[in-house]
Amino acid sequence: METIMIILLALVMLAAALATIHMKNMISAILAAGVVSLFASVLYLLMAAPDVAMTEAAIGAGLSTVIFLLAFKKTRDEEVENG
Amino acid sequence: MVRRAFSLLLILALAGIFFSILKGWTPMTELSGVARDYVANEKEQLGAMNLVTAIVVTYRGLDTLGEVTVLFLAASGVAVLLRRKRDEAAATVKIKRAASEIVTTGASLLSPFIVMFGAYIFLNGHLSPGGGFQGGAVIASAVLLLFLAHPDYKLKHAVLNIIESFSGFAYVLVGLLGLFLAGGFLDNRFLPLGHFGSLLSAGAIPVIYVLIGLKVGTELATILENMKGRAL
Amino acid sequence: MILGVALVLIGFWGLISRKNMIKMILGLAIAETGLQLIMVTIGYIDGRTAPILDGAVNTLLAVRQVVDPVPQALVLTAIVIGVAVNALMLTFVIRLYQKKQSLNISDYKDLKW
Amino acid sequence: MADLIIHIAAGVALLGVILASARLVVGPTAPDRTVALDTLTVISISLIVMIALFQGRVIYLDVALVYGILSFLGVIAIARYLEGGL
Amino acid sequence: MEGYRVAGSLIALTGSLFLFLGALGVWRMPDVYNRMQTGTKSTTLGSILTLFGLGVYQPEWMGQMLILMLFIAVTNPISSHALARAAHHTGVPLTQKSVMDELEEDVPLPTERVLEETLSEGEEQ
């Protein structure tokens, strides 16, 4: 069961990573990066590393996504301001 | 076109290097020497249940000190680079759409719980998975939730600065205490080890981790606030 | 292990082949995740459990029951640093954008400005 | 018997992961993908609890707790960005 | 003892079936709002059932499971509500089959920029 889980999660992670690189829409790309980090966390747990999994969950799930979004939003705002 | 081919070539070369490394790799079946020593003697030496915590805080304490320094430098770099003059900031006030009532209510309901949970995580760092970094990130997430619900929310900078400076200073102070009263820098044995597995055990490890947690939490919150920009 | 390598490769490919700077940083973040995964995999030993000595692990037999805790401790700090460094890079991107109103890396060819 | 049923349950949840991530990759608009992300986080909380059960460690549940508390932050952030309030 | 275990695992199986159905709905439904419907309600029920079943299976874990269930029950509606509001605000179209749109006059006209950015895949480069 766990082997199947590892292989499947790995495939989903690879798909999400490729999607991150290929997507034209920036929000979707940021979202897909969030999914990569989410499954990385589950994989860490399967690799018997709960501390690392917890760090990845706390940082990858919320903070990192939001930091990227904020940076993207800032560049967008400037663009609107300056025509 | 040339650029694309070149980058593809570079990636292929990198893949080749990785493949040659991977070919000779066999999964470990035994712990390496250092790790075996840590695992076997940790209970008598430090008395923390979580081995990762023991390594992060004590055996590899200097790495953690450097890590906190890097974090501090990054936070101050963000603050310096995104600083704006006051008139410029006043000129760029934008109307932001207010969050709906459900989100604001939920945020004010949940954020105390999230802060409490973060405190639980770094207080139990030596017993269960978790510790200063995770707890700090969780606390920063509570701040983030408040930002999301109230776009104009302002942090109290004076309090944040005091907490950050105090925890950084106290962290180094605890390390020096370890140097003078026990075996070396960041040694946790100047406090009694206590009963293995209880909350007040493992010497100074909980103290150090609480300080790290406060510092990481305030720094991540500062980064978030600077990236958000001042709304008014 | 293979997954980690693949992630690193995808991340670097994104870093090199994209022109949008935020996309490049996303690629770097993915490469980071891949490297951390490789490090955790190096410490993993098949059939063993997490290095926390509670009721499920006999303290005396711990040497033969737990995985290697050292790489995990290193990865722990690496993740936190990674986020801080990403934030710093994004800040640079924002500043550059304020100068030139462009996210395209090819527009930044000056040696000095 | 009981163990077998729980393994089957984990397999069913994994099938759900496949479907939701397909929507994540295909989904025509950003809100679609966000819905898929939301579904994926909830499913992965269940997966984490099942992993904790398979490996017999109580401490893994703490990770699930962190997920349960924080997983909705990313979704709310994207939603607030989309409605122009971030 | 064995009876409890079988009962708990059966409850967990039901829950994961609901999870699977939720994901199936996310894949099959015609527009964002319907997807949100299955993606939130069904998975909330499914995960609560799964956690409850595993709590019955392993009675000493019940406390943590209850806390987890509470958090899922509180946070999931908030996020889906925020998401639905955002989707409607940015003007994601409803499917052709929908009968009514009660929020219709409620929506301020979305700015061109946000709409184009959300709906289009062609941007940058």
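Read from first to last, the chains carry the letters A, B, C, D and E; within each, the first residue is number 1.
We adopt the following convention: contacts are C-beta pairs under 8 Å (C-beta built on N, C-alpha and C of every residue); 3 or more make two chains touch, one makes a residue touch a chain.
Here the structure is a predicted model, which means the values were calculated and not measured.
Think of each touching pair as a link: the shortest run of links from chain A to chain B has 1 of them. Relative to the centroid of all protein Cα atoms, the closest per-chain Cα centroid is that of A.
Across the assembly, the mean Cα position most removed from that of chain C is the one of E.
When chain pairs are compared by their number of contacting C-beta pairs, D-E comes first. Measuring from the averaged C-alpha position of chain C to that of chain E gives a distance of 29 Å. If each chain is reduced to the centroid of its CA atoms, chain B and chain C end up 15 Å from each other.
If you average the Cα atoms of chain B and of chain D, the two centres end up 24 Å apart. Centroid to centroid, with C-alpha atoms defining each point, chain D and chain E lie 10 Å apart. Those residues of chain B in touch with two or more other chains are numbered 50, 52, 97, 99, 103, 110, 121, 128-130, 133-134, 137-138, 141, 144, 220, 223, 227-228.
Listed for chain A are residues 25-27, 30, 48, 50-51, 53-55, 58-59, 62-63, 66-67, 70-71, 74, each touching two or more other chains. Chain contacts: chain D has residues 10, 17-18, 30, 34, 55, 57-60, 62-63, 65-66, 69-71, 73, 76-78, 80-84, 86 touching two or more partner chains.
Contacts from chain A toward chain C in the complex involve residues 10, 13-14, 17-18, 20-21, 26, 29-30, 33, 36-37, 40, 43-44, 47-52, 55-56, 59-60, 63-64, 67-68, 70-72, 74-75, 78-79, 82.
Those residues of chain A whose C-beta lies close enough to touch chain D in the complex are 1-2, 4-5, 8-9, 12, 15-16, 19, 25, 27-28, 30-32, 34-35, 38-39, 41-42, 45-46, 48, 50, 53-54, 57-58, 61-62, 65-66, 69-70, 73. Remark: chain D residues 55-60 touch chain C in the complex. Interface residues of chain E facing chain D in the complex, by the touch rule stated above, are 2, 5-6, 8-10, 12-13, 15-17, 19-20, 22-24, 26-27, 32, 35-36, 39-40, 43-44, 46-47, 50-51, 54, 57-58, 60-61, 64-65, 67-68, 71-72, 75-76, 78-80, 82-83, 85-87, 89-90, 92, 111, 114, 118-119, 121. Residues 74-75, 77-78, 81-82, 85, 89 of chain E are the ones touching chain B in the complex.
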